[in-house]
Structure formats: structure tokens, C-alpha cells
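Letters are used for the chains, namely A, B and C, taken in the order the chains are written, and counting of residues starts over at 1 for each.
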């Protein structure tokens, strides 16, 4: 059914517009000063948070997007579906988070809700990493809708009911996204993809594209961990601690990558991913009054654990290694249920031989470089599955 | 005449320096406090606008620059000439806009004039997209000078005389740039380029480079539409409305791309361009008190119209589809006159067979990948036209 | 000794953590208001400088990182080692600069020290450019530690003892880094690398990756030159002057590149590097009350000098051409000593035939494009040196 994806996407967009029409209003930004000598304070300024929002936004779209381009034949899908899922997710995240906090009443949006909506898409994009190249657009679209609903519920549970602190949202976002994704991937397990698929590898330049993603995630992680922290000292500490945790993490990730690999060579998979573990690991406590050296210990350890996790577990999502803890239960149950739904044989999951290949869902240039380099793949263009 | 381009460029730079020496001064940033208890307010801070300026700057140089790298053999020209034209244009735009507003008197520059100068180059870069690969550096240089002069006049007309609101400058920038470019391209029409040129196509990785441009335009469009909005509520609304318009636009652009293409496949041309239509379309009214769902309707519609425009009109500039309205008259007339000037046979326009190929104007590595992939083009290096 | 690099890296990280534990504390951000009607002023806000810090951070990691990817076979090393060296350097820079200014006492860190730590890594990365592809990871690691120690001493000398103004740190950073790097490279001179090495060239797409670096350096240079300027007028002037100097520099760099090259063609080496000379050249005086046209004269001249320097000196670091002056003495002596230490035959310097090739230190995809394009290099995988 080639109309399944576009029609579902358009229907969902119509639904979003209706829900926004019913429930969403602007924040009342400024209280009109009551007296002549009362002025608006800087704290009222809605643009105070805009630079931090923008940094998170860059991480979501350029960071995750290019990180996903590492596969030799799935670069369009990596950065393209990332854009689609995040754009859908932020609309639905605004609604889901707003309704759950307002208990079903009309609610107001502003910079903070935009940051939180972007956060909710981060969980989806981490899960997307676990099913990259193996799922159809329709399956990803359904996963986005289900995961964000569960995410909003879990976040409400952790933040409002348990009153747990998790300022960089390591538990609610990163661990949640990783376990949700692994649970979905587990249910969708196919023996045909058990051994290394010929498409499941990088080429030299696809690894460099992925480094764009890594660097934009790495550079802006201090903003991620401080975006919703309390203004003042806590926000300041969240930035500084994340900065030093990430720097320390890079050193140990490089060291361990060299240590565990054949003849001491560095592995791009480690550099692309384990260097970020320091941001995740310090996320839960970044705004607390921990001394800078403690955040460096956290970052160093995260770098080590993450490389070892990649090397010795058969896991394709490495970031979670540093972020065990809460959220796992909800994530796993939610992921399993989502996986079961996605297994229904109506979502046009790509057959094994077409996994990790853009040509199933994208028009690709005839001269695609690896087609020229690996002419034996040329036949893909003639054996297209149902989209 | 191989000296035409460098000598014209140096002469223009000398002219810029002389004009700056005669007419341009810094803004007087701070009024010295007259009384002891008077302090400088935040509003006096010239750096208030700097983050928004910087975002616009990124869109101009990284956004447009990498968007133009989609052609397989014209990547150097795409990002390189973009840098050159924008750097020239912002100097000339500062002068042209300053002189027209000061009626020929000395004028002051600051963050706002820097944003407006960058805006003026955006119009040129949109027109550049319409003549990409088909014009010589000298022709592009002349187009930049003429277009910005007309642009500054039109902007003065729309803003000061008509008092029209156009906060994201959709009309004065995007529609103007598109129609100016189409008019220039129309006059420069050559039957030899009528059918698909063998160089006028992308390769797999050039499409990924172009996605860098798309994402940096997409992510920062809220800054573009809010940079010169009134501080406070209007600026806040411009950001929020653009954010949701762009998100909605992505969903419908993906849906329509899949709907109109063979076997439901997504087309990178749509993803690279139509996803941005939501930013253009909401630009004119982004700061107004429209509810968020209305900006989503605007964005969704723009995504649909833009993909259909690409598919069913033979147009290489898709963004204008969403931005009909004013400015067209000036743009078309200015573009036609500019095109006629550029047709004079003294500007070393590249012959048809050398269009869309960096090797005419750039030293390219001997091992250029497509040279290896398409060895029959090797002879280009021996049949070089006059630069 | 394949364990040399990882063990040295881990030991250094442990040393950093110990030093941070002994000497480093957070800045006391807010003085608790003493009276009820005293509020914290904006000036107390530690996040005031955060946007400028972030821009510098982007230049260090994405700017320098991608600028270094221009070699066809050394892209992983370019962006990867850049990340490693900068992450190490910023930790050590924090310590070295802090201890020298506190005369060995406990000191406080904040946004300003983070900016300065990033600055210190910039010097290392400029030197890294001079030894790119010719040194082992252990050699680079030692260079980083030594250079930053000398850098912190020189900076103290220039700023505190000589009281010289150098707001964009052109002398203390750019000239220092360039001369230090040239001195190191001079001592490490090997006749085997005298003539063009077959790996010491770019391919088409590696030049485009390098343009990502150029643009992110170019766009954020106004932030670099203003980050530690005095707030208010000087900071404002530093931004505006750098903006116009860079714009003027682009025009003359393009003009000269076309003028000096065969048949008037543009050379990517000039565009990637000489376009930045305007930022370096104006750095020393950017915050001063020079008129805008003067910064354009500085930028234009820098563009011309830099292209001529590239063309007619056999230098691989072009930026220093515009930045003669102080700092050279310290840099040259420090670089020579560092070079002599790096020449000790225990640091596993790569043999000539493995220079400029990622496969010595990185796992590279089997299908690396240039391996396919140049199959005669395939044997590299079988003749690996000791890492």
C-alpha cells in the first residue's frame, strides 16, 4: 500500500492541528505593569531561554540527524527520517506533555514547553537508532506516537509523583529511549539480520558525516543539561560540570578504544558514541553542588564503560551503558507493546535484503558512489519491495 | 580575460572601503548616564540582538552555502561562490540600505544594520540558486551589485512608503530573490541547457552535504523571522509560530513527496527545499497574534504547495511557491534588466558543456571522485574555456 | 608498544582529576544580597558570557576539526585527534592558566576561564595543523602538554607583565601556535617527506568537509575576538570590526587566488584558509576605536598577504602571515625544545610511507573509497607499523 505512509502522515498532521486548536494557547508573557514604577524584569523575558532552546534544537536535528548517517547506504534515511520523526514528535510531545500536566485542560506554551517537546523527541531518536534501517516509515511513525505518549506519562511519574531530580533527563530521556528502542528491536528480531548484513557498515565519508552529528551533540550537551535547570547557580553548575565531564570522557574513550582494538587502532564507532557518554552520565546530577573533579570522574568512567559496552555486549545503542536506573520498567514494557504492534504484518517492514538501504524509500542518484564501487548491488533498483 | 574577475573584485572592495570611509560610523551605543542614579538599561545593550544576528549569519553562510552543494561537480562553486557573494553583498547592502534611509547622509551601523545587510544577501543567494552553475564569477558579481541596489530600493518602498508589515521579510526577501533570479535566468536562457545537462544532477554524498544546508536553514528560521521583530510579545510569537509552522511543513512535505513520486519514494529535492517553505510562508505574519494552530495550517499548506510546485512546474527555485504577493514587479523588472546586462558577451559566460562543473573556475583534485567514476569527463581539463 | 598511547592518556586524565581536586573550585557566582532591596544585577549573571563561550567552543571542535579533514586519507585523524587534543588541552589549560595566575593557590573557574581554556587549545590546534599526518598520537599528546604550559607562561608575560592589548589574542594564540608548530615541524623534518607525498592531497569531498570547518571558523570569529573584551562599547566594536574585516578579506582572498593561479582558477587551499586571515589580523585591535573602513583595510590586506604567503612560501600554515609581532620568541624556543623531545625515538612516529593515512591509527572501512579508487594502496593494511 504505497498510500499508507502519506495518508497516515497527513491524517496525523490534521489531528495535531485540531488538538492545537482545542488545547494550546501562547504563554501570557508579560504582565502589564500595574504601577508606573514597576518594570518588567529580565526574568519575565521569554527570550532568556531561547539560546538554550536553540542549542537543544541543533542537537535534535543536526546532532542526532548526522549521527545517523554512518551507514554507507542509509544516509538519506538517517538524516531524513530523523527530521521527519522529530518534527512529528515535537508537535505530539507538546500536546501529550501539556495535556498530562494540565489534566486535560487548555494549556500554555512557551520556550520551556518547546525545550520539553524537543526533549521528548530525543527519546524517540535514541530508539530510532536501535531500529535504524530495519523498519518502514509507517512503523517509525507509529513508534513515535506510542513512545512519546508513554514518555510523557513516565516523565510525569518521575518528576511529579516521585519528585526525582534528573536535570539533564538522563533517566527519563536517554535510558528510557535506549531501553524502549531495545525492547522494540527485540520484538522485531529477525534471524535474517542476525549476522552482519552487507549493508550494515560504513564507508569512509559516511563516518565523517556522522562526526558532524557527534560534534554538534558533544558541543551543545552543556546546554542540554542546563536548559531546564533552575536559573543561577544550578544552571551555571550544570554547564561547567557537563563541560568537564565530556572533556574527561573523550580522553578515556580514546584510550579504551585503542586498548581494546586490534593493534591499538581507534574505532570510529567508539569515537562517534562513547565520547558522548560523559554528557549522559553527568546529566542526572549536573546541577548539583558536586565539585568539578567529581564530574570528571563521572565522565572518565562513562567513557570507559561505554567503550567496553560497545566492545563486549552485542548492543547497537551504547549510550545507555552509563545510564542505568529508573525508567527502565516503563520503557521496556512500553517498548515491548510497541514492538508487538509494529510486528503486525500490515506496516510494510522492509525484507531483510533491503534493510539499511535508502533505495527502498528514497530516490537515489543513479551514480550512487557505492553502487559504482559495488556494482553487484545494482539490481536493488529492479527488485524493489512494496513501500 | 583572466584578469577580469580579480580586478573587478579588488576595485569593488576599494570602492566599498572608500564608501565606508565617507558615510559609515558606529552606532553611539551608550548614552553617558546624565545623573548618578541613572544606569544603562538592558535595552541599550547592543549585544541583545547579537545571538539573533549570529543565527541569521549561519543561515546565510552555512545554510545557503551547503544547500548549494547538491550538484555532483559544482560543490566548490556552490559553497565557495556563496561565501564570496554574501561577503560582497553584506558590505554593499550596508551601504545601499544606509544611504537610502539616511537620504545620502552619514549613517550609523550596529547589530540591526548587520542583520539587514545579511538579509539583503539572502535575496541574492536565492537568485544565485536560479543561475547556479550557468554563470561566470563576473556575472554573479554584477548581479549581486545590481540586485542589492534594487532590493534596498524595494525594501524602502515596502517598509517606509507602503508601511507594509513583513517581519520575516518573506515578500521583500524570498519572493523578491526568487522572481529576480527567475527573471535573470529567463533572459540568460540557452537552448543548449534546455534538456537535463549531464552535470545537472547530484551524487549520493552531495545530497548529504546539501542536507547540512537544509538543516541549518530549518533550525534557525525562527531566529530569521524574529530577528527584527519588536522585542517582547511580537518577537516571542514570531519564534513560536515559525517553530510550529516548520514542524507542520516537514510532515506534509514528506507525505506529498512520497505521494507524487514513483512507487512512493521520497525525493531529496523535496526534502532539501520544501521542508523550508513553512518558514517562508509564515514569515509575513509570524509576529502577529495568530494562534499556534493557524501557523501549523500555514506551514502544512506551504509544504504541500511547495512539493507540488517542484513536481509540476519546471522551476528550480521552489521556495517562492509559498510567497506570492508584492515585490514581484520590482523584482521582475530589476531581474530582466540585470539579465540583459549579464547577456552582454563580455562576461565570459561558461559554454554549455562546461556548466555545472567546478573545474572551469576551481582547481579540483586530480582524483575527483566522479572523474574516476565517469572517466569520459577527464577531457574537461584540456578543453578549458576562458575564465 | 601498543599500550603507550592509552596508558599515557589514562595517566594524564588521572593527573588532571587529582589537580582539579586539589586546586579548582567553582566561582562564587552570586553574592547573597545583603539588603532586602538589593537585587542581583545582570552583570552578576554567569550566563552572560555563555553564548560567546559556546561560539568559541564550536570554532575549536567543529571549526578546527573539520578544517583538518582536507587530506584524502586523514579525515578521521583530522577531526578525531582534534577532538582528543582539544579535550585534553582544555583541562590542562584550565589548570596551567589557573595556577599561574593564582601563583599556585586554589583558584575559581567560570565562563571566563572556560573561554581562556578553549583559547589555549586553539594554539595547540594551529600547531597540530603544521604536523598533521606526520606524528603519532603519543607525540601529539606530549606536544599538547608542553605547548599549553609554555602558552600559559607566555600569555601571563604578555598580558600581566607587558600589559599588552591583544583582545582577539592574535599574537598570543595565532602567531604563537603557528610559530610553535613550525618550530616543532622543523625539528621533526624528514627528507622523505620533502617532496609531495602521495597521500598529502585532497579529494573532492574532503575539500567540502574542510569547508564546514572554514565556515564555522569564519562565522564565529566575531565571537572569538569579542569573547573576553570589556563589556559594552569595546565588545560591540570587536564584533563589528571583525565582521567587516572578514567580509573584506573574502573578496581579496578570492581575487588573489584567481590572480596567482594557473588560468585564473580558484584554489580551495586559499579559500579554506586565507578567508580567515581577516579575523586573525584584526584580532589585536578589534575592540579599539578604529573606524569600520580601517578594519576593512586590515582585512583586505590580510587576504592578499595570506594568499601570497601560501603561494610563494612553502608553508602549510598560512594564517601566521598576517600576525607577525610578539610571542614569536617564546613560541620558537618552546617549539624547538618540544620538537627535540618529540624526536626521541620512543614515540612511534609513523614511517614516511604511512604518513597522512588514517589506517595507521584508525580502523577504516574496507571499502574506503580511495582504496577502491587507488587499489595499489591496498597493501597498507598488511604493512602496518607499530602503533
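Following the convention adopted for this analysis, a contact is a pair of C-beta atoms (placed from the backbone, for glycine too) under 8 Å apart; a residue touches a chain by one contact, two chains touch by 3 or more.
Because the structure is predicted, anything quoted here is derived from the model rather than measured.
Trainee: Please state the rotation angle, between 0 and 180 degrees and to the nearest 5, that superposes the Cα atoms of chain A on chain C.
Mentor: 120
Trainee: Compare the two sides of the chain B and chain C interface and say whether they are made mostly of the same residue numbers, over half shared, or of different ones.
Mentor: different
Trainee: Approximately how many whole Å separate the CA-defined centres of chain B and chain C?
Mentor: Distance between chain centres: 31 Å.
Trainee: Counting only residues that touch at least two other chains, what does the list for chain C look like?
Mentor: 42, 51, 205, 212, 369-370
Trainee: So in the complex, the part of chain C that touches chain A is made up of which residues?
Mentor: Within the complex, chain C contacts chain A at residues 2-3, 5-7, 9-10, 12-13, 16-18, 20-21, 24-27, 29-30, 40, 42, 46-47, 50-51, 54, 57-58, 61-62, 65-66, 69, 75-76, 79-80, 83-84, 87-88, 90-91, 109-110, 114, 137, 205, 209, 212, 361-370, 372, 384, 387.
Trainee: Could you please specify the touching residues of chain C with respect to chain B in the complex?
Mentor: Result: residues 42, 51, 55, 72, 201-205, 207-208, 211-212, 215-216, 218-220, 222-223, 232-233, 235-237, 239-240, 243-244, 246-248, 250-252, 254-256, 258-259, 261-268, 271, 275, 291-293, 296-297, 300, 369-370, 373-374 of chain C touch chain B.
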